[in-house]
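Okay, so here's the structure we're looking at.
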């Protein structure tokens, strides 16, 4: 059992497992200085509703196929065919994450806040169709691939192409797990830019159920994107700390603007009940609850604090700047069940939405709560 | 096996089961007094095509996630996270039925007609996202919850909120299962009404494959809804009888109209082959076939008669009135396979569609047939 | 294991199996004589992403429910309820293939090229909702059914109806499997034609990821369609040959045009590694790899050559003519994993897209590659 039954025939190499997750969110976004917008205030949504399968095929092959139905339509998340070549080398064909950042690669089932750091959405990280290779040797992981676009954007005129790579060094020093990483990304939108497709860099206020974005650049015709990121993390018993910085440079077409946007975060978390945050394969993983309800315990309680920074102002493009101070309380009564409570004090400069008095510098209080199961 | 394999590890509390159903309908709606409408006459459709999973997680947690794909898109039906607190008390988070009526709560796999009583659709009963509690003690069941809206209607401007409750007393008198129930419902559309979202109360002619509705109010801007229902049923050997009444009061915005609509039905059914209609947890359940084909038998045959009443005329709103006389023949060759044959003589007063001569009082003959499997 | 676990209780008659497939395509279509169209050149797509279930129910019943999510929405492929009446007789209710041709009926998991012969798409073969019967006796198979329309086109005004039948004689002569077949099809669009729904007969250039169609008739209001096809195939050890011809006559409404279009193909294939192409139930089936990677082998290699003909010119309707010369190299490292490499030299006469100089007779080079898993 891994949430759902893992059915396998180890001798032959066959295995199969259903997989899925449900996340319900409730949130409240304050209205700074009298901004009247029905998207503010109370909101609730089914954040993720995923169902899929994964399996292995003899000869070293595997697959993963999962979809998200939360929006009332079909969003294919992972749809991959993999091959394990042995000696730590693996290949993946299909739609998967392009090695963007520690926070982005960590599953939403295991993140320390309801939503990931602001830059991951603002920079439009997404899964794309591609061919990648990975190499793992002791504490070293190297990942690289070429990618076209997200399945849902792949029409026959789309010849966008990108290359992505990430390096991780994750030594274990005594009882302490360390993580150092860096990634580089390049993307050429090719005909998409020529036909006028536009890109916006923007972000919601900490929670996802509100679509009101205080941070947003105008629609830009982006020809090429280059981005770089650095990652560091530490896990020591019930304590963990993590931080990242990421720069994205956008080459616009038909304009001289070549802005570089910047985002990053620093967080620290602690399990009051003594658990240790899971870590595996260059990203955070599931936490094993020490005293679950099923053993008569109270489950795991974790508190997290985060500073979340995003700067979408450069080279004449003004998308606003965020300094978010956030707290998260997580209860994990059983290994596959989680409840989260989040609060954030979000400070904005040059926000995209002016206050009643025209002011674009203000603060917003945001609350969020989530119920989650996964299998 | 419960249609599909139930995979479980009883000792630990894990279980998992795929679930789904397919229903194909063919129908014919007569054209009263020369009404020329291509939606009348022959029609056929995939009525329901559901696929999903359900499972339990140690510690008393469970989940259910099912979708309907019949319309060519994704409609999430149930998506819940539950917790069994013991002593008959349970909690549910997520999208589920809000305890509307015996007929609405009974699964479409087990209803005695192809479609439920007219008032259940006319009053827009639907699953909604909410938090509910249930308490069961011997013949008593109490259910109550607060609900926002259907997942697919949950945008960030939607702050509608409602409360729903139901009480059931279901004593077993010797061989006779009795059922008495009542439910009350309140809903405030809040900003939805303010931004002008409208509601129609309307119903198809007995079958679902035709979209021509002889009964329909105009589009109303409904601010608040209050509804009440009473339920009664009896199962004695191969015989069952059931009846309900339900009132819905709609407060309209920007108008003085505050109509109260009324619907109800009375039905009686009999298994010619001696089976007994299933009943469990305050609603009808699966019938166990005595002599299925797989044992060399002929399966179960049931006949049902129903009077189906709906009155959408009040306080100046004229949506029409229905008096339906309906018969149903059901063949269940195996526990998870059903074939239904329905006929209805539907009498309409003040119908929404005038006949060629302007008459709005007429009768329509309706035929329907269904093939169904579920697992 | 059949790709995914087949869970069954043979004694009772219950069984259940998940099923699915993933196909990723990359392609390149040349630009003949300077045609400037972004749909030409490089393209890539998720060709198929199917997930579903199949199972059996005691008493001889079975079901199959599968959907394709590749386009980012839901396309129901098979959704059937079946009954095995014994003595080679079976019945099927629901959406399934209407016995169009050997090539169309063979699963896309097992075809010898990435795409089927041009006429199968050009003639709009598709799965439809219907009721069919099949009879199998030794080398003889007879299939016939009545069908309405594809689920996604079934609105309440749709009363289109058709009848389809196919006969197969497939004797085994020593080591040689022979296949002879013929099918006939009739369809009346009824009200669909009256309300003005149109039909186009058209085809992509060998691969599916480009939507640029060099062959296409204008939009026609088609009242009735009649089509006939003949099939022949042979499998002898690693060698196979197959060929078909198919005529389609379209009765147009409000015009005297009654064109008959024609398509067909002839192909020959050979397994360099000694395998034999699978054949079962009147269509090609899975190839069993002799030396898969999991046994230290190199998998199966097959080469195929095909001539693919399509003529959409008749009775004043000019949709163009295709003569395609195609080659396919297939690698099957394991039974459920396939990689395909395709090349085609496509000669067009009277193409729908004129070249820069107005010429409508030209040739196009097309390349395609596919990675595929199924379970």
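Worth a mention:
By written order: A, B and C. Residues from 1 in each chain.
Here, contacts are C-beta pairs under 8 Å (C-beta built on N, C-alpha and C of every residue); 3 or more make two chains touch, one makes a residue touch a chain.
These numbers were taken from a predicted model, which means no experiment stands behind them.
Judged by shared residue numbers over all numbers used at their interface, subunit B and subunit C contact each other through mostly different positions, with under half in common.
The two copies, subunit A and subunit B, are related by a rotation of 120°, based on C-alpha atoms and rounded to the nearest 5. For the pair subunit B and subunit C, the distance between mean C-alpha positions equals 40 Å. Among the residues of subunit B, those touching two or more other chains are numbered 18, 73-74. Those residues of subunit B lying in contact with subunit C across their complex are 1, 3-5, 18, 20, 22, 24, 38-39, 41-46, 49, 51, 69-70, 72-74, 209-212, 292-294, 333-334, 336-337, 371-373, 375.
Touching subunit C in their complex are the following residues of subunit A: 7, 9, 12-14, 16, 18, 52-53, 55, 57-61, 63, 65, 67, 73-76, 79-81, 93-95, 129, 148, 151-152, 154-159, 191, 195.
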